[in-house]
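Listed below are the structures to be examined.
Heads up, the next two complexes both have chain A, just with different partners, chain B and then chain C.
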Partner chain A sequence: MATWLGWQIESNWTDPLLFATYSIIKPLAGASILVVMYAVITHGNFSAPMFQWIYVGSALYLYVGSIMTGISWGVVDDRERYRMLKYLYAVPTPFAVYLLGRGVSRFITGSFSVWITILFGVIFLKIRQSPEHFHPALFVVGLVLGLATLASMGLVLGAVVLTLKTHTEQLGDAVAGALYLFSGAAFSIAMLPAWLRPLAYALPLGYWLEVMRRSLLGPPPAQFATFAAWSDGQLLLALLGFAAGYALLAAGTLKVCVHSARERGMLDQVSNF
Partner chain B sequence: MFPAVHKRTGWRAALMTIFGRAYPRVIGATRELSWIFFEIFLPLVAVSAYVFVYRGLGAPEAYVGFVVVGGAMTAFWLNVLWSMGSQLYWEKETGNLGLYIMAPCSLMSILLGMALGGMVATSARALVILLLGAVLFHVHFAVSNFAQLFAVFMLTMAALYGLGMMFSSLFLLMGREAWHFSHLAMEPVYLVSGFFFPLRSFPFWISAAASILPLSLGLDAMRQLVFPPGTIHPFLGVKLEIAFLAVLAVLFIAAARRLLDHMERLAVREGRLTDRGA
Partner chain C sequence: MTDLSVDVQGLGRIYKTRGSPGSPGREFSALTDVNLQVRRGELFGLLGPNGAGKTTLIKILTTLLSPTSGSALVAGYDVAGESRKVRPRISMVSGGEASGYGLLTVRENLWMFSQFYGIPSGEANRRIEAMLEVLHMSDRLDTKSAELSTGLRQKMNIVRGFLTDPEVLFLDEPTLGLDVGASRDVRAFIREWMKEDPNRTLLLTTHYMVEADELCDRIAIINKGRVLACDTPENLKKRLQGEAIFQLEVTPVPAAAVTSLESLPGLHKVTHHEADGRSRLDLVLEEESALSSVLAHMTGLGIHLLSLTKREPTLEDVFVELVGTSMEEMEHDVSGGA
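Up next, the complex of A and B:
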C-alpha cells in the first residue's frame, strides 16, 4: 500500500510521457556532468576501460540517492505536506514497513533512471559489455544485497529526519551527495587522503559498486584496483555482513528516533518558516 | 461588495515586510543548529568528490579551483529553486499562502524577505565551501579586479533572485508539476551552467543558450576574475558578461513583478489559487 501511495505521489502529477521525459533528463544530466569533465581532460577518450568503470559506477550510484531520498523525503512529505504521519504511525502496520514502502516507489523510478543512463552510455559513449564478462548470478546477488543495505541506510536517515525540525527537505540528496566521495564510483578510494580511507572502507558503497561493476564489465582497470585482491566471494561476504549490520543499525536507530520524536511531539510537527 | 484592499507600498513598507519575513528564517536557523552539518558540511563533502574526480583523471590543478567556485555557487541555485521558486507553492500546501495574499503588503517584498532570510545559510555555505575548499585543496585565488568582481556577484544575485521570483509565480500556477520541476532543474542546470567545468567546454551555441541562466555568465566572469589571467579560456569578456547580467537582472525582475501581480489578481478573482492540493 505504501509503495502504491508513493508511486502515485511520484508519478501521477503529469501524463506518462512527461513523467518519462522527466525521469530521463535528470539522471542523464547528472551523468553528463561527469562525461563532460572526463571529455575535457581526456579529449573524449570514451573507449578507455577507466571511463566505462566511472560511467557505470556513477549510473548505479543513482540508486543511492533514489532510495535514501525516497525514505527520508517520505517522512517530510507525510508530516509537513500531507500531515498524515501521526495517523500512519498509529495504524497497526510496522512503521518501518511503511517507510520502506515509500522508498520502493523511488527505487522503481530510480531503476528507470539507472538503466536509461547505462543504455545511453552503451548507445552514445561506447560503453561495451562483452558477454564473457557478464556474471548474472553475481549481478543478482550483488544487487539484492546492495539494495537491502541501501534500504537500511535510508531507514537510518528517515529515522534521523523524524527528530529534526528544520532543513530536512534536501537531506536525502545531501547525504547521498556526500557519500559519493566515499563510494569509489568515479575515482578510486585509494585517491582519498589516508585519514579518509578508513571511512570509505567502513561504508558498503565501495564494495557494492565493485561487485556490480565486476558483474557487468569484468575485472577492474588499473586505476580502480582498490579491491583487486578481493575475490567475488569475499566481496559478497562483506556485502552480506554490511546488509546484516545496517539492518540492525536501522532497527536500533528507528526505535530510538521514533521514541524521541513521539516524546517531543515531532510526529505531527510542521515547521512553516 | 467589499472594498478593495489597499496594500501598503513604498520603501518603508517594503523594508518592514522584508525584515518581518526574513526574521523567522534567521531565528529559526539558530534554534536548531543541525543545518550547519546538513547544509554546510555535507555539501562541502559532495563538492570534494568532484575535486577527486579531476585528480583521478590527472587534470591540471586549475580545475580544482573551478570546482570549488562552482560548488560554492550551487548553494545559491538551490536557494533560488527551493526557497524562492517552490516557496509559494509550499506555502500553499502548508496553508500560509492565503495569509500572504491577504496581508496588506506586496508579495514581492514577502518573497524577498524569504530569500534574504534563507541567504544567511546560503551565504555561509558558499563562503565555507570557498574558504575550506581553498585551504584543503590549496586553491590559489588572485583577484584581478575587486570592483568588477563585486559588480558581477551583485548582478548575478539580482538576476538569479529575479528568476527565482518569476519561478515562484509560475510554479504556483503549475501546481504539483512545480515541485518536480524544481527537482528537474538541479543537475541539468549544474551541467549547462558549467558549475564544475568552464562554460567554454561546450560548443558556442550551447554556451550562448545556457547564458539565459545568470549563473552561467556569472560563474564564467567570476572565474576570470578570481584566478590568475590565462587560467581559464573565457566564454566572453568580463565587461560583456557584466552587461548581459545587467540586462538579465532587469528583465527577470520586471517579469517577476508582472507575474506576481497576475498571480495575485488570479487568486482574488478565482479564489482557488490558495486551495491546498490543487
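Up next, the complex of A and C:
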C-alpha cells in the first residue's frame, strides 16, 4: 500500500507524457555529463573496458540515490507537505514496513533510470557484453542483496530525518552524492587517499558494484583491480554480511530515532518546508 | 475488553526548548498531573481554550508523543510501552488542518487508510460510500482531494477516522474551521456513530462550549495543563445552581468600571464583552437580591441599562467560575489581543 502511495506521488505530479519524457531525459542527462568528461580525458576512447566499467557502475549507482533518498524523502513529504505522517505512524502497519514501501516506489522509478541509461550505452556507446561473461545467478543474487542493503541504509537515513527539524529534504541527495566518492563507481577505491580507504571498505557500495559489474561485464579491468583477488563467492558473502549488518543497524536506528521523535514531539512537526 | 477505554494517571508532559549562546533553554509544562478515566461507550469531551493541553493529551493517547511522567492506558494498553497494541484499536482526526494526499481522489485517500488497517477492499468501499453519503459528499467520491474546499477536506478526514471502526476514536477539534451546516452534519454523524454500537468510545476536544454541552456524556474542563473539573454537563452546571446569573446589555463600560463592579459585595463573577457599541455583562451573583446594588452602582457610574435577562447556567459560566475569566478572553489574550 505504501508502494502504491509512493508510486501515485512519484508518477502523478504531471501528465503521463511529460512524466515519461522526464523519466528518460533525466538519467540520460546525468550519463551524458559522465560520457563527456570521460571523452575529454581519454580523447574518446569508448572501446576501452574501463569505460564500460565506469558507465555501468555509474548507471547502477542511480539505485543508491533513488532508494536512499526515496525513504527519507517519504518522511519529509508525509510529515511536512501532506501532514499525514502522524496518521501513518498511528496505523497498525509497522512503521518500518511503511517506510520501506515508500522506498520500493522509488526503486521502481529508479529502475527506469538505470536500465534506460544502460540501454542508451548499449545502443549508442557500444557497451557490449560477451555472453560468456554474463552470470544471471550472480546478477540476481547480487541485485537482491545490494537492494536489501540499500533499503536498510535508506531506513537509517529516514530514521535520522525523523529527528531533524530543518534541511531534511536535501539530506538524502547529499548523502547519496557524498557516498559516490566511496563507491568505486567512477574510479577505483584504491585511488582514494589512504586515510579515506577504510571508509570505502566499510561501506557495501564498492562490493555491490563489483558484483553487479562482474555479473554483466565479466572480470574487472586493470584500473579497477581493488577486488580482483576476491572470488565471486567471497564478494557475495561480504554482501550478505553487509545486508545482515545494515538490517540490524536500520532496526536499531529506527527504534532509537522513533523514540527520540516521540520524546521531542517531532512526528507531526512542520518546519519551513 | 476493559471497562475503561482511557485511564490516565498523574500524566505530565514538559516541552523543552533548546538554548542558544546567551539564551538558556526553557521548559514549558503542557500537562500537569492529569487524571482522567473514560468509560467504554462514553462520548467524552475535553473542553478548554487554545493552549490548554488538549492536543498534547490526544497526542500522548494516540502514541505520537511520550509523556514525561505518569501513565496512560488506552483500551487497556500502556501508550508508552505497548503502543503496537494500542494502534489497531484507535483512530484519530485533527480538525482545522488540510492534511491528505491532494493528488489522490477522496475514495483513494480513504481506501488507502482502510488497507493499512487490513479491512477487505470491498467492505472498505462499502463503508466509504455509506459514510460519504451521510456527510453529503457522495458526489465527491472521485474528486481529487486537492480540489476540495477546506471544509470538505476536513469531512473527508473525519470519515477516515470513523472508517476503520476503532474501539476508541480521538477527535481533536473536529469542527474547527467548519461552517455552521458542516459542523451540524459532523455532530449528527458523531451521535449516530456512537448510537450504532454501545462499545464504541469517543474522546473529543473542543473549545466550543455548545458543542461539548450538546454532544458529550461527560466533560473535563482543562486549562493550563490541569484538569479543573470532570463531570456530566448537567452536574457541572449544578455547581452554579445556588447562584443567580444575569445577562445585561448596557451602554459602553470603561475598564475601570468593570474593576469597581468586581469589588461589589454579593457579585461573584463578572465578564465583560464589547459588541456593536454596547457592553454585555454576565453577572454571577451569590443571590438574586445583590442585583439591585449592582444596578445602583452602574447608574452612579453613568452606565445605562438597555436589557436584562436572567438565565440558566451554561458551561461558559462554569468555566468562568473555575478559571476566573471567560474562554473568549483567554484566547484573545493568548493571541496577543489580535
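Definition applied: the second predicted complex is superposed on the first by the 272 of 273 C-alpha atoms of A that agree within 3 Å, B and C clash if a C-alpha of one lies under 4 Å from a C-alpha of the other, contacts with A are read in each partner's own complex, and residues count from 1 in each chain.
The rule we apply is simple: a contact is a pair of C-beta atoms (placed from the backbone, for glycine too) under 8 Å apart; a residue touches a chain by one contact, two chains touch by 3 or more.
Remember, predicted model here, so these are calculated numbers, not experimental data.
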Once the shared chain is lined up, is A:232 touching chain B (first), chain C (second), both, or neither of them? neither
Residue contacts with chain A in the superposition, chain B compared against chain C: B
Touching A:84 in the superposition: chain B (first), chain C (second), both, neither? second
Common ground on chain A, meaning residues reached by chain C in one complex and by chain B in the other: 13
In the complex with chain A, residue positions of chain C that touch it: 15, 59, 62-66, 84, 87-88, 90-92, 94, 97-104, 108, 112-113, 115-118, 160
Which part of chain A faces chain C closely enough to touch in the complex? 1, 4-5, 8-9, 12-13, 82-84, 86-94, 98, 259, 262-263, 265, 267-268
Chain A residues within the chain B interface of the complex: 13-14, 22, 25-27, 29-30, 32-34, 36-42, 54, 80-81, 164-171, 174-175, 177-178, 180-181, 186-188, 191-192, 223, 270-273
Mind pulling up the chain B residues that touch chain A in the complex? 24-25, 28-29, 31-32, 34-35, 38-39, 41-43, 45-46, 48-50, 52-59, 63, 78, 82, 90, 93-94, 96, 121, 175-177, 179-180, 183-184, 186-188, 190-191, 195-198, 201-202
